[in-house]
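So that we are looking at the same thing, I have put the structure below in structure tokens.
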Amino acid sequence: MQKGIIHFGVGDSMDTYMYIKSSTKAVASNGKPFLTLILSDKTGEIEAKLWDVSEDDERNFSGEKTVKVLGDVQNFRGRSQLKIRNIRLTTEQDGVTPADLIQTAPLSQDEMMGKITQYIFEMKNPNIQRITRHLLKKYQSDFLTFPAATKNHHEFYSGLAYHVVSMLDLAKGITALYPTLDKDLLYAGIILHDLGKVKELSGPVSTVYTTEGNLLGHITIMVNEIGKAADELNIHTEEIMILQHLVLSHHGKAEWGSAKPPLVREAEVLHYIDNLDAKINMMNRALEKAKPGEFTEKVFALENRSFYKPTFSE
Amino acid sequence: MQKGIIHFGVGDSMDTYMYIKSSTKAVASNGKPFLTLILSDKTGEIEAKLWDVSEDDERNFSGEKTVKVLGDVQNFRGRSQLKIRNIRLTTEQDGVTPADLIQTAPLSQDEMMGKITQYIFEMKNPNIQRITRHLLKKYQSDFLTFPAATKNHHEFYSGLAYHVVSMLDLAKGITALYPTLDKDLLYAGIILHDLGKVKELSGPVSTVYTTEGNLLGHITIMVNEIGKAADELNIHTEEIMILQHLVLSHHGKAEWGSAKPPLVREAEVLHYIDNLDAKINMMNRALEKAKPGEFTEKVFALENRSFYKPTFSE
Amino acid sequence: MQKGIIHFGVGDSMDTYMYIKSSTKAVASNGKPFLTLILSDKTGEIEAKLWDVSEDDERNFSGEKTVKVLGDVQNFRGRSQLKIRNIRLTTEQDGVTPADLIQTAPLSQDEMMGKITQYIFEMKNPNIQRITRHLLKKYQSDFLTFPAATKNHHEFYSGLAYHVVSMLDLAKGITALYPTLDKDLLYAGIILHDLGKVKELSGPVSTVYTTEGNLLGHITIMVNEIGKAADELNIHTEEIMILQHLVLSHHGKAEWGSAKPPLVREAEVLHYIDNLDAKINMMNRALEKAKPGEFTEKVFALENRSFYKPTFSE
Amino acid sequence: MQKGIIHFGVGDSMDTYMYIKSSTKAVASNGKPFLTLILSDKTGEIEAKLWDVSEDDERNFSGEKTVKVLGDVQNFRGRSQLKIRNIRLTTEQDGVTPADLIQTAPLSQDEMMGKITQYIFEMKNPNIQRITRHLLKKYQSDFLTFPAATKNHHEFYSGLAYHVVSMLDLAKGITALYPTLDKDLLYAGIILHDLGKVKELSGPVSTVYTTEGNLLGHITIMVNEIGKAADELNIHTEEIMILQHLVLSHHGKAEWGSAKPPLVREAEVLHYIDNLDAKINMMNRALEKAKPGEFTEKVFALENRSFYKPTFSE
Amino acid sequence: MQKGIIHFGVGDSMDTYMYIKSSTKAVASNGKPFLTLILSDKTGEIEAKLWDVSEDDERNFSGEKTVKVLGDVQNFRGRSQLKIRNIRLTTEQDGVTPADLIQTAPLSQDEMMGKITQYIFEMKNPNIQRITRHLLKKYQSDFLTFPAATKNHHEFYSGLAYHVVSMLDLAKGITALYPTLDKDLLYAGIILHDLGKVKELSGPVSTVYTTEGNLLGHITIMVNEIGKAADELNIHTEEIMILQHLVLSHHGKAEWGSAKPPLVREAEVLHYIDNLDAKINMMNRALEKAKPGEFTEKVFALENRSFYKPTFSE
Amino acid sequence: MQKGIIHFGVGDSMDTYMYIKSSTKAVASNGKPFLTLILSDKTGEIEAKLWDVSEDDERNFSGEKTVKVLGDVQNFRGRSQLKIRNIRLTTEQDGVTPADLIQTAPLSQDEMMGKITQYIFEMKNPNIQRITRHLLKKYQSDFLTFPAATKNHHEFYSGLAYHVVSMLDLAKGITALYPTLDKDLLYAGIILHDLGKVKELSGPVSTVYTTEGNLLGHITIMVNEIGKAADELNIHTEEIMILQHLVLSHHGKAEWGSAKPPLVREAEVLHYIDNLDAKINMMNRALEKAKPGEFTEKVFALENRSFYKPTFSE
């Protein structure tokens, strides 16, 4: 098996199969067109520049293609960048499919669905359980393949479901320590909080925002969906409003997109668990690429901090 | 007819019929209970303190009662306050009803409904027209009696409808000057933008926030309602999403409660018209009480400013 | 007549007469000098790069020249940019003058002056009327040709006067709806509020800030001018101070350059009308270039938002 | 056993033993002196006013006394307040000691010390282990009795140790889910992060800030102590600096008192665990006093929010 | 000579001549009127409450009167407050005049005028010198008696001139160390920067804001005055604009009232000297009242900080 | 002697000895490597780009080398940049050493040490004197050679000591004017406030942050050092804590890195003197390069302002 992108550093040469996640054409300062490619495999991704492209190049190396690339990793403003010496589309002979290269969650869709089903099964409040099950079922196939975001964290195939599963596991541990927390409410809030992303985002790969995503956002979309589900299931109890509030407030503050701050205990805890999982995820990925005694690249979504990996780290 | 509250100043004595908008019990620093009453008539309202109250007083002078009050207007930290010398409930002999004393919009419900109906009638886009008509009809009776807020601006009987009518008239003038604006969209946005207040607030008088109002807010409530109305009318075109966006963004910024800022031209204009009408309304009421050459009381919702009334004002 | 700049999109070729609004020399990353040109005609403007320029090029293609340009419109970081294939100065044979290409207000100077004169004529307060007439007369010729700004909004020939005329028309509609507003004061405030720009800015085209503009700013300049005008006309009544306050406060907040916030009702309304006209102007221009179903380019002065043009727009 | 303070609501009468946590003399608006007492028992605390006090009263009812109080619970600006009808010092006959009334952690000092000792025992990094053990031993007796703060959260006898134990348990669960985290570092950071409070605060009860607490603060105090401990133990490896960084950064941001933000993964997680435990603690205590369907009192340290207790809460 | 106010602490009794700086009537929570008096002598001032006042009391103890007061100093929310036992107007027999009691600058008007005249005399730039001399002469008598503010710092008789003299002395020392600074400009800026306060404020005692002060502010007023002075002296060189800029920018930032930040070196230094003198002045007065080892009262204008007086202070 | 860098302007050619302060490799948009060099001599520094570098170039023109450079000064985004035509390492024949080119303080190390020794000698408080002498002696050699920062102000050889000497001279003048200030404390605070930079920064030239500098910062480092010094000298009086507070608070605000704001008078004055010296230093250097009637380059650390040099400046 080939060495993964994450294991190449500045100065290394790569001769590797990669998947073009996105391809953007622009004009260089010498007036010639070039492509900025985001190349990925299961271990990570790297930006690459392809200079002086022909019209054929543009067609061939647009997004969502599998390619063989020869190039050198260089430093560009503190980030790794691949300088391409040679690039070609793969053929059948290469025996490589997108599925071999696309970064996905470390758990299979079945494993994740199994865990979530179990969490729903354990709920004791029938209203909360029915709403959660209904909405998950409605959007299940997209939920299992979409990323959790276009960048920053869990931005890979099945990232949305994997983020939810990690949060559920965290919630299980926390509710064990603080028994006054309402488990059903917290689990349901976790499962639903980002489900609106199946409409906010365009799809599992090469993901961008939809118009609805831009104008309404995943929070508003999901709050509406809960309301409609309640009508369809003919549930008109307070659980509906509380679940809508959990989704509405999960970004924590008005300036972060939650028109109401958390005003229910489980809403506050949901907001915390969401943040904690995302942050550990981002730090882990940055630190994987750093050696002991070094600082990581700057992580934009963590206030642009660089993290230090102690020399005594294993 | 009796002289209105607004015409009494510090040093004046009042002997007047008034309506108790709210009554709050508290304990004075000498340990004795007292009531803080908000007393109103059609021209305005004044705070009053009733000291050393008995249990009978508490019962009698709770909210939403009509009373005859004798007292003196005093200055308390820069605001007028009535020191009550005598207060009694009115009887049939007084010939006074709440309707004689409650502050209401300067237009009748019929006049306002007539104007709004005409604006809807002029719409050319059938989807926008049907949604607007459907939702207005659904909540029409509350819409015509509710205030637009619990304080700050248009916080009187029918204040919500009156605010909407003023905004529609403003919009008519503005769309005449900037003909690229989509009239239908702007009118519909104005009619719907605050309609969620019929669920956010408790009622036309002694108005407080409902639990749903606290946890979801009138914006989220109305965005949901538009979605449900679209299902009921079987309209699934882009107009729905755009109307939801207008309601969602009408507070202008995330930190003011709009998860998305205005991203459609008419949404930005709606936000402006809403602010302009509210601000002129607040300034007018503050200036009514000031004489030329004086500053008004501080207006909390206008960044706590005091406004100056020029000596050459009429 | 030739097709205007605004009607060309990415991918189009242009072969067009244009006016060089500005020309800036810089050094490319290959070490060679190049020019960044802002090219305009009556419909709009476009940035262009001229690579590897000779000393002759620098001389020829400096600002305020009329040129014939052949090139291709490309996308550069989300904005249109012209890649020049050929550029030459126009000669008499071309029959093109700067006046044919410079963007100007849609009304003639006479029309605008006629409208403003009428607004001043309608004033009933003689002090306000005399001050306004005196200052307008003093700076009339510059007022009628200057732009309202160097960028963002009304940044074209006669843009300052056109902005004032639009605001006066808006004010007329608003004062009709809110009759307590002092028309004379509001009209005078509108006419004077930006008049200091004739000293803050360098001239009607290729406009930059003067030293006085940088160190004092148009607000301070105009407040001083009102004081001097009052001395010259021997008017020493409160109207002077109030007009100075309207000018001083028209940016609304200290952090936006108004040392005092609006503390007179008409000052607050002036601030609102100023903003509303500027914003609609900016949105209209951005939306003109977008097709239904698309987002506009980002508009820097509107918090960098992109606006959506609904599919049902005409 | 007597009914605890937490179980009394507005309108109830109390006839109860309580402990005076603090007593402040002031002058009422009628010119007479009065005392503001904070009265507590194991279940909570309540503010009380004692009007028109004599010099004897002042002496008797100063802080840290045990008293028998008869009074009525009233509402004062949205908070409960006790109106005292009768108060007297306890005598031997009452058979009540401060220990019966002072609020303490739900675990005994031995239990807490046992748990912490076990966490230290599990550490594999000898440098981290020795530093932690050394400092804990140095301040052990104060650590086990001090509160974690003067107000807001864990402000009771042994609150500091209890907060640390809760955080360690949380950390155990989280490190199980995210195995790349360095357990030793995180545990040590938790044990040391607030240990400087034994010098910042004055003692286990009637706690106020010391001068050193005001001028240096517990973070700076503890960072210094780690440096000195390293000298005494002759450890000069990177672990020292990293532990100092964890303590230094645990408030998360400069404006919250951490001169450096967390730049080591475990520092970020420590900051999160600290917040999460404090917040759940504060919400739990506020919600204990509210009934289902009600909002709690405003919680100052949680951005002054009121939390809603759903009607379906047990 | 009597012991000054500043030397009395909580618990002391006073039997002293004082000057009533201001007197405000309000209503106590028992419904009875009382007066809040600010009483002063040369050493400082103290707030006092006079309860249950008659109409005679109101008349007698309004502002700007000389009184003999017997009372006790008490603590009210961390500040000293005098509880009046007896108060009477002084008569001729007392042999006390306001001049004996009003706090004034430590230098006489002649001494201050002498120093400032010397600084002007040393100027080498004739334009700067003439403008400064002209404006100082125009407002000299008010300049020598007005306070520098209504509260916070230098809020005493002749405080404005004294603040200017202190700043000039500071400037002399600083220009000696940094010889590139333009002395003339800096001295002139210091003399003129706050001179507009003679129109912003109402007078030397019981000082409040004038309408012009509220609507324009001392900065705008003085910038205008410099412009008019230039016209009168027929000076039309750059010095005028630079002096206007120094005055305009001396608050340092837009949000502190300077529409332009300092953009000339001497403007930045002026801003610094202004702040430094004001801050030392405020700290000195707060520390005078504290004993070694204590914290001062909170100083509102210094971000509400309390300052510590070290035990080793003399 | 050769003409210094500061005397070259845009359009000039340079043929000069220079010192490479730093050298950074990057990849141009045409895919070829280039170096960004910071070249300096005693008068200043200039950025230069070396295009299409070979591996030899990279080795030769890395940091801390002496070179002979031929090139042209060009304008790059408002800043001067040198376009290199020829560059070579110096040889013995050139007779140039780094000491001839490195920018240093205008005073010699001996002069500076002499002045500081005198200030310490004048101290009357033996505890303050001993601590200051001890710490200065401990780090004396680095203190005399390190810069005060990596950029912005005093970023040259011996800049740290020079900044301290300037501040001491300023303090001497200020304490003469405000005699209540504690000279000993202020002088000691000035000498110690930035001494931690000898551990925060890597060395006297090509200065970068150390890991300890990044994770703890010079403030925390120095506060620790004072604590350790006190132990070594066996001084346990309040002076230690106050000196630690002066160092801790000298950035003035939490968001600028001081966990505690100045709470001692001399701490506030220290913060002011630090700022004033740094700001005058930065303005002087920017203005040196500008001609009368021009604005300087933007100064990043002064809120990105450009300063104006009046036409009447000498």
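Letters A, B, C, D, E and F mark the chains as written, and numbering starts fresh at 1 in each.
Assume contacts are C-beta pairs under 8 Å (C-beta built on N, C-alpha and C of every residue); 3 or more make two chains touch, one makes a residue touch a chain.
Being a predicted model, the structure only gives us computed values, none of them experimental.
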Label of the chain whose CA centroid is most distant from the centroid of subunit E | A
Using each chain's Cα centroid, which is most distant from the centroid of subunit D?
-> C
So, in whole Å, the Cα centroid of subunit C is separated from that of subunit D by 60
Calculate how many whole Å lie between the centre of subunit B and the centre of subunit D, each centre taken as the average of the chain's C-alpha atoms.
-> 44
Find every residue in subunit C that makes contact with two or more other chains and list them.
-> 29-30, 211, 214-215, 242, 263-264, 295, 308
A full list of chain pairs that touch reads A-B, A-C, A-D, A-F, B-C, B-D, B-E, C-E, C-F, D-E, D-F, E-F
Show which residues of subunit C lie in contact with subunit F when the two form their complex.
-> 25-27, 29-31, 33, 211, 214-215
Quick one: which bits of subunit B touch subunit A in the complex? Just the residue numbers, please.
-> 211-212, 214-217, 219-220, 223-224, 227-228, 231, 241-242, 244-245, 248, 254-260, 263-264
Along subunit E, where are the residues that touch subunit D in the complex?
-> 28-30, 34, 49, 51, 74-77, 81, 83, 293, 295, 308
Using the touch definition up top, name the residues of subunit F that touch subunit E in the complex.
-> 125, 166, 169-170, 173-174, 176-178, 180-182, 185, 237-239, 242, 261-265, 268-269, 272, 275-276, 279-280, 283-284, 287, 295, 302-303, 305-308, 310-313
